[in-house]
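Going in written order, the chains are labelled A, B, C, D, E, F and G, and every chain counts its residues from 1.
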Amino acid sequence: MNIEDFLSYIILPILSTSTLLVFIRFLMGPSLPDRVVALDLLITIGISIIAVYSMVSNRPSFLDIAMIFALIAFLSTVAFSYYLEKRKRNE
Amino acid sequence: MTVFLFVILASFLFSLLLFGMGQKVFKRMTWFASLLPISLFLYFSSFAKPIMNGEVFNFFTAWVPSMSINLDFRLDNLALLFTLLITGVGSIVFLYTTQYMKGHPKLMRFYVFLSIFMGAMLGLVTSNNIITLFIFWELTSISSFFLIGFNNTESSSRKSAIIALSITGLGGLALLAFGVLAGQLTGTYSIAEMLQSPEIFANHEYTVYLLIFIFLAAFTKSAQFPFHFWLPGAMKAPTPVSTYLHSATMVKAGIYLLLRFTPHFQNNSYFFTTLLIVGAITMLYAAFQTLFKTDLKGILAYSTIGALGIMVFLIGIGTSASITAAIVFIVVHALYKASLFLVTGTIDHQAGTRDITKLGGLRKVLMPLSIAGLIAAFSSGGFPPTVGFIGKDLIYEATLNGGLNPTVLTTMAVLTNILMVFAGLLVGVKPFTGKQPVELGRIKKPHFLLWFMPMILAALSLLFGLFPAMVESLFTHNITPLLTGEASPHLAIWHGFNLIILLSAITIAGGIALYFLWKPSHKKESSMIKFNVWSPKSLALKFADLFQRLSYFLTRTFQNGYLRRYVLIILVLLTLVFGVHVFVNPRIFLSVKEIKELNWNEIVILAMMLVSVIFTVFTKSRLSAIAGMGVLGYTMCLIFVFYGAPDLAMTQFSIDTLTVILFVLVLYRLPKYLKLSNRTNRVRDGIIATSFGTFLAFTIIEIMNETPIKSTTEYYAENAYILAKGKNVVNVILVDFRGFDTMIEISVLAISAIGVFALLKLHLKKHEK
Amino acid sequence: MEILLAIMTGILYAAGIYLILRRSLVKLIIGIVILGNGVNLLIFLMGGLVKGRPPLIPEDGNALEGIYADPVPQALILTAIVISFGLQSFAIVLIKRAYKVLKTDDIDTMNKTDDIT
Amino acid sequence: MSEHLVIYPIIVHMLTAILLLFFWMNPKIQRYISILGSAVGIIIGILLFKEVWTDGIQSVQLGNWQAPFGITMIADTLAVSLIVLTNIVAFALSIASTKNMVSTRVKFGYHAIFHFLIMGLSGAFITGDLFSLYVWFEVIIISSFVLLTIGGRKIQIEGAVKYFTLNMISSIIFLTGIAMVYGATGSLNMAELSRIIPEMENQGLVQTISLVFFIGFGVKSGVFPLYFWLPASYHTPPSVVSALFAGLLTKVGIYAMLRVFTLIFPLGEMNQMILMVIAGLTMFFGGIGALVQKDILRVFSYLIICHIGFMVGGLSLFTEVALVGAVMYMFHDIIVKATLFMMGGVMYRIFGTTKMENMGGLMDNYPKLSLLFAIPLFALVGIPPLSGFWPKISLFSASYTAGEIAMLVMFIFASLITLIIVAKIWNKAFSKNENRIERRASFKYFKDFSFSEKAAYIVPIVLLVGVTLYYSFFAEHFQLVAERIGYELMNTEEYYNAVFGIKEVTKL
Amino acid sequence: MNDIIIMIIVSLGTLFILLAAIGLVRMPDLYLRMSVTTKAATLGVGLILIGLALYYMETSITTRVIAIIVFLLLTAPISAHVIGRASYFVGVPLWKKTKIDELEGMYNTKTHDLMSGLEDEEEEVEAED
Amino acid sequence: MRVQFLLNILLAIVWVFLTGTINATNVAFGFILSFLVLWLISFNERSRKYFIIAPRIISFAFYFLYELIKANLQVAADVVTPKFYMEPGIIKYPLDAKTDLEITLLANVITLTPGTLSLDVSDDRKVLYIHAMYVHDREEFIDSIKNGFEKRILKILR
Amino acid sequence: MKSLILKTVSKTLLPLLILFSVFVLLRGHYLPGGGFVGGLIAAVAFILHAFANGLPETKKLLRIHPGFLIPIGLTIAILSALAPIILTGDPLMTGLWQEQDVPVLGKIGSALFFDMGVYFVVVGVCLTIIFTISESV
């Protein structure tokens, strides 16, 4: 088994499965922060998926997408937190 | 040519001149306005001689040649008759008005409208181009609208104006439809040239439309039953207007049109039969109505309708005798009716009332006027030796020799004429005879013009009666052959004792008897009101009201303010488009193979996508919905990653993040989540959304089976680096191949930023709103 | 995958439509965003799916060779995404404004514009 | 330089807009720049028109990429005529904006967005690329959306929500159509599409896609039953803005229909039928809507819809003459509708209200103004020889040729109902005596205006009325242009050749 | 040889990610979930990225990998911190078996001030609602 | 000024890393670019010494890595086994770290280590609230951090 | 948000993110990226800063109103689009390229300037929108 096959037939499915698990948490909630955390983790896993996929398809440039993900993903988490606090204050 | 064009346009320019003078200057020289009709009358009179000798004058200037719409005027004898009537009666009315409306604050405006009207009328009767004719025709309707509504402070006159305009406007559009169709079929808009295609007017697939449209045009304008009702309403206008527009000239435009096209329809029996029937109904109906009116102008209005009915009826008989009768009757009617109107006007002006039941014994104060009234009434009744007598003779001659059923036709004519005698006497004689009611008080003597102008018209009635040859040589001699191809019968006041004379005598006797036996009263007038429910007017108004309510209902139903309903309609339409496509054109390309080839990653992505969509739709919290949207965007990113679109993944991801931030910043202000729409709505929307999605998916699958040649894509692949020096082809497309799209795209961004800024920061002060 | 994505597109449209038909302004905008995603996916599909071959010319090459994803739809989607972002951000702000002025985000109460007065 | 003239109408307004943004805080300078930009726009429009008129259809391949690889900008007679008219309206409205727009509005980018909007319109007329057309549409939507909401009063916001939603949906529909076209043909160049699509085997699909486009454009142009956003929003913004919208926005939808349904999806019998029914219903519902409204701006809004029916009707008949009629109507409608809404603005200033019930006495108190206003009003009705009359000849005659008497009847119906409505307006606002209603405090009435303020309100109207009169009395000029447009629309070879640089231009 | 190392590193990374995912599903409260995920996932991603750098063995890739890892190390704790703080603030409950909560009552709900409890006792803490 | 310069160099190095090309022009470009960036966002506050002592940093990195993996395994064991052995709690951790940077670095490192999560810093900067998975003994927990991360961080930064 | 930790990190991230955004901008013609994404990242940097330190701080940092970047960006873009008309008489948007490669950037062409225009507009737009919203309560 060469590395590309290993990556695409073993690693990627595991990562997908992880994604699915995280998504289940996203659906279950129960609170909004739970969902936000799940979303955050989804994106982190996404970075891994992209990295692995970059190797599978031999496209180093995919790494740049991962870079963008890493850079700005946390911003939506910050935004959600901001929302939660602000709303609390407004109540 | 230039001169003639100037003459036609003179009235419009003149009206502008008056408008420019302003009310103040004009007030001091009201006589100035009368220069227009008088000089025009003189101008047209100068054509009398050559035209009597059979000459025809053509004036042609190209206007919109690409549409063959030209300033094409043709002055033949028929046109001349009308131009003389228009300018002649016009002169009298203009002069009369200077005194009748003396000191009126809006006198200038009145003359402006009147001048426009005159110009329009002259253009109408001299146009040889059917479209140009229509243009002037519409202008008469519009100026009539302004003149009827001239007493703009009274709501009744405004209402009458709108009714008149609606009816004549409908006719106008019909005339346009007629003109365009005739032009289309004959290949020319020239009325004279249309004569060269007689078959079009006689028997063609579209002839029925030609008939419908010309009738609609003529009947509305000339107040034929059942369109007549606007005319009595039009009497809200000042009396000179009624005199001029609604008895002597404008209402005859329809008659003119019918006469003008008589030669064209020569071989079309439907044309004549319809005219006969409609004319007959109109004249009998209107004449009968005069019995129940107490307002002098009301009586005159109905007698005018009756007279118009008689003219249509005569044209409908379609013989040379009847046409001749019609032409003579036009002259007769114009003279006596204008005279009677002016008489009425003076009475009104001096006595302050037009109620026939309150008038009497005015001969002492208004002696000259009473003479004018008497002559006009006699002419109206066909008493010899007025020209009315000749007219009546000709009518009976026509009916007796009319093809269809002479007895019936003659009976109808006699009946109508008896009532016309009655009406004439009622207006022209009754106010002057008997005792003067006390309520009238002291009546001042009128200004010279106020009795002299009707007197001129009355005198002319007498003059033409005494010298019928004048009418013959001026008009009938040429016009009858022009319209029928046959010579006109000789006009004379005395043809010896015959059936016609007998009928005349019966008519006069009957009329006089009626005058003495039937006293008009308000009681009788109101007794007729209960029948009014079925009158065309009230039916039309009812229809209008119904239509208004229907409009309101439909507008409120469709434009009900509920955005969701609007959206729903659009989407239902779109669903239909795709649905019909799928059902009419089913091409299904589902293959199991594809499903088998799926790998786990793809299944996960699809599942996540699906579930996040469902989650976003059904979650009960706004923020969760937005988070769901985030997941959806994320799965889109993954798809873009897997299928070779890194730039897309990047952009989608960053935009999604920004969108989430935006939402979050805005949302914390909003109240708790929404009221839910009711179950029925949700089910309905669900069904629509689902079927839309389904049909769309089918269509997409179908499109994916097309195999387009992607020459553009190939070109980009080959040349992105070589010619555009970039290796990221998507970016090269964005900044080079299709770079301008990006330029515009950033403009869109710029605009939206400005918009956001303005929307949130701009707070107008109260006075700025 | 093509067919499943086509169906997915249909689902996205359906979801967007359903949300647009709700009474809340926020849902309406979310619906429009989802519809936008649907359109993007549609455009993407219309270019034909090619796995793992982005239209990037390799460092040592001068042209795209063999199989590659169609760059044109990608460029179109990019433009469309950006444009919808502009519009959406304005729309989101409009919600805010609407709520401030009208004190509600219930669309059904916004029906004064069409009164006959 | 002159071979680039084709894109200058866009560039002028783009540069003007950018320049205006630099003078963000200086309303005075902004006003001058705006007027100047519009004036230059007119000049360039006319120059381009001359060029197209003498040398035939002009095109430029942006980026110097030969068609169909780049974006083609192409000015045929239709496009260039619309450019000229658009710029004329823009010029008039720039003048109007000097006093009509309070300076706080100007400080928030009013003028810049105004010019972006004009740029968007010009771009939509000139582009030869389907996707570009979408992008231009978005420029139009977003700018109009901003103009609609600036200074948002309650009703303005409500209107904007409807306007936004429905226009956004229409964009999505349009984009869906574009995607489908690309999927089926692999091309976006309209000229190229005109050759590919008729060759396609699956014509059922073509039919469906064409209807998708129809619905997309239908919303923008305001046909039944897709027009609801229009009456909901057009009466809400300041009069200059609604004048701009009324004159130009819906026309862009019509333009797109004219272009797409002659070039890419020439109407077949089925679509002709559909368009005809829609046109009839549009005239009917627009007409009755206008009939029942009591607010003058709302009446005008519905009349816009009613008259859209004329243009769609003309298209649906799909003969050269009918297209001439539709185009003639479009020319007339652009000018007159803009004038009407300007007029509505003046009336609002005179009466302090737009409710017709509370108006009156214009004819007695402002006779000269009444004369001025009478012209667009009666032109709207098509009182001959005013501008609205001329298109009817072509439209009527095309109805006969196509054997569609029902269409003719609907034209007559729409004309008649317009006539009645205008007469009603005349009675209520002009001829009825003045309605003594309480004066609004903190409202600047027309009679309190300074001379320059009055001029800013009236001069644009005079200008536009001048154009109307020119159209009315020199209809021949417009007719010739329209005939050439009709020819070009029905014979797409010239368009194709111009795009692909084939130099055998057959002159009309 | 190199391949084997890469496979091991990537597998390890994947395992950590799987762990984080499982932890996210299993853990009883939000704070615990975050505790588990932030690090496991960061570690997992880091390992996979290192594997990637080894796979390509190019300077430009390696530098970028380092950049990403640095970014992640900078941002991951931020996310956890802000969301954890906000969650506590809005009252996301702790697991019932939580031993102590020394943060309780320290937040001022109006001003978002957080006390240390070590201030010179000046003001009274407003009672929570 | 000196700090700015150092920061400038640091950013230039990051640039070189990002682009992956090491040559004179690229370094120069990176330097100019980072200079511009710094000028654009120039910090007004007085900052302490940044990243001076490389060896300490490296040793810290390894310590951190060690802790990271150790804790990860511990948590992993708990996650995959059916029964939970954790005893979570929120601990008030008294800070020795004083500056923004010290506190932040400490907090982040704590967060990055599995099983612990920095929730917030009190406004007077005296206390860091930490959520921990395994609080067998409060004082012991505090000590482990005091002598572990905090000590090392302060060593680097002071 | 009143968080010391966030505040501190945001100050570190700001220059890093801006640097990164320039990087993404410059390489767009060869690899994924470009003015648009670059601009977004730069905007994100400032937005983060604003979240952490409050808007007034961020504005002070920026010195000019971000809205001002919009016309600047548009001007750069339109000038680079107009350049061929003015310089060589080619149609709008025609790519003009320098013959020789420039270090770091590769070939310099009008497309690069165009992308820079895009970058500025995007930064200006995103910041204007976000800042305006945050400011208006």
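One rule holds for everything that comes next: a contact is a pair of C-beta atoms (placed from the backbone, for glycine too) under 8 Å apart; a residue touches a chain by one contact, two chains touch by 3 or more.
This one's a predicted model, so the numbers in the text were calculated from it and none came from an experiment.
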item: Given chain E and chain F, the chains that contact each of them; value: G
item: Chain nearest the global centroid, as defined over all protein CA atoms shown; value: D
item: Winner on C-beta contact pairs when A-C is weighed against F-G; value: F-G
item: Reference chain A; chain at largest CA-centroid distance; value: B
item: Most distant chain from chain F, judged by the mean position of its C-alpha atoms; value: B
item: Approximate Å spacing (C-alpha centroids) for the pair chain A, chain E; value: 13
item: Separation of chain A from chain B, taking each centre as the mean of its C-alpha atoms, in whole Å; value: 70
item: Chain centre separation (chain D, chain G; CA means) in Å; value: 36
item: Chain D and chain E: spacing of chain centres that average the CA atoms, whole Å; value: 57
item: Residue numbers of chain C (touch at least two other chains); value: 20, 42, 45-46, 51-54, 56, 72, 78-79, 82-83, 86-87, 89-90, 93-94, 96-97, 107, 110-114, 116
item: Multi-partner residues of chain B (at least 2 other chains); value: 552, 555, 559, 561, 563, 567, 571, 642, 646-647, 650-651, 654-655, 657-658, 661-662, 665-667, 669, 700, 703-704, 710, 712-713, 716, 727-728, 730, 734, 736-742, 745-757, 759-761
item: Contacts with 2+ other chains: residues of chain D; value: 14, 21, 62-63, 70, 131, 135, 138, 142, 145-146, 149, 152-153, 161-162, 165, 169, 180, 182-183, 188, 228, 231-232, 292
item: Contacting chain pairs - touch in the sense defined above; value: A-B, A-C, A-E, A-G, B-C, B-D, B-G, C-D, C-G, D-G, E-F, E-G, F-G
item: Residue ranges of chain G in contact with chain E within the complex; value: 1-3, 5-6, 9, 12-13, 16, 20
item: Partner chain C, residues of chain D touching it in the complex; value: 131, 134-135, 138, 141-142, 145-146, 149, 152-155, 157-162, 164-165, 168-169, 172, 175-176, 178-180, 182-183, 188, 228, 231-233, 235-236, 292-295, 298, 355
item: Sites on chain G touched by chain B in the complex; value: 28-37, 40-41, 43-44, 47, 67, 70-71, 73-74, 77-78, 81, 92-93, 95, 97, 107, 109, 111, 114-115, 117-118, 121-122, 124-126, 128-130, 132-137
item: Touching residues on chain C, where the partner in the complex is chain D; value: 20, 25, 28, 32, 35-36, 39, 42-43, 45-47, 72-73, 76, 79-80, 83, 86-87, 90-91, 94, 97-98, 101-102, 107, 110-114, 116-117
item: Residue ranges of chain F touching chain E (in the complex, touch as defined); value: 14, 16-22, 68-69, 71-72, 75-76, 79-80, 84, 86-92, 94, 107-109, 111-127, 129, 131-133, 135, 138
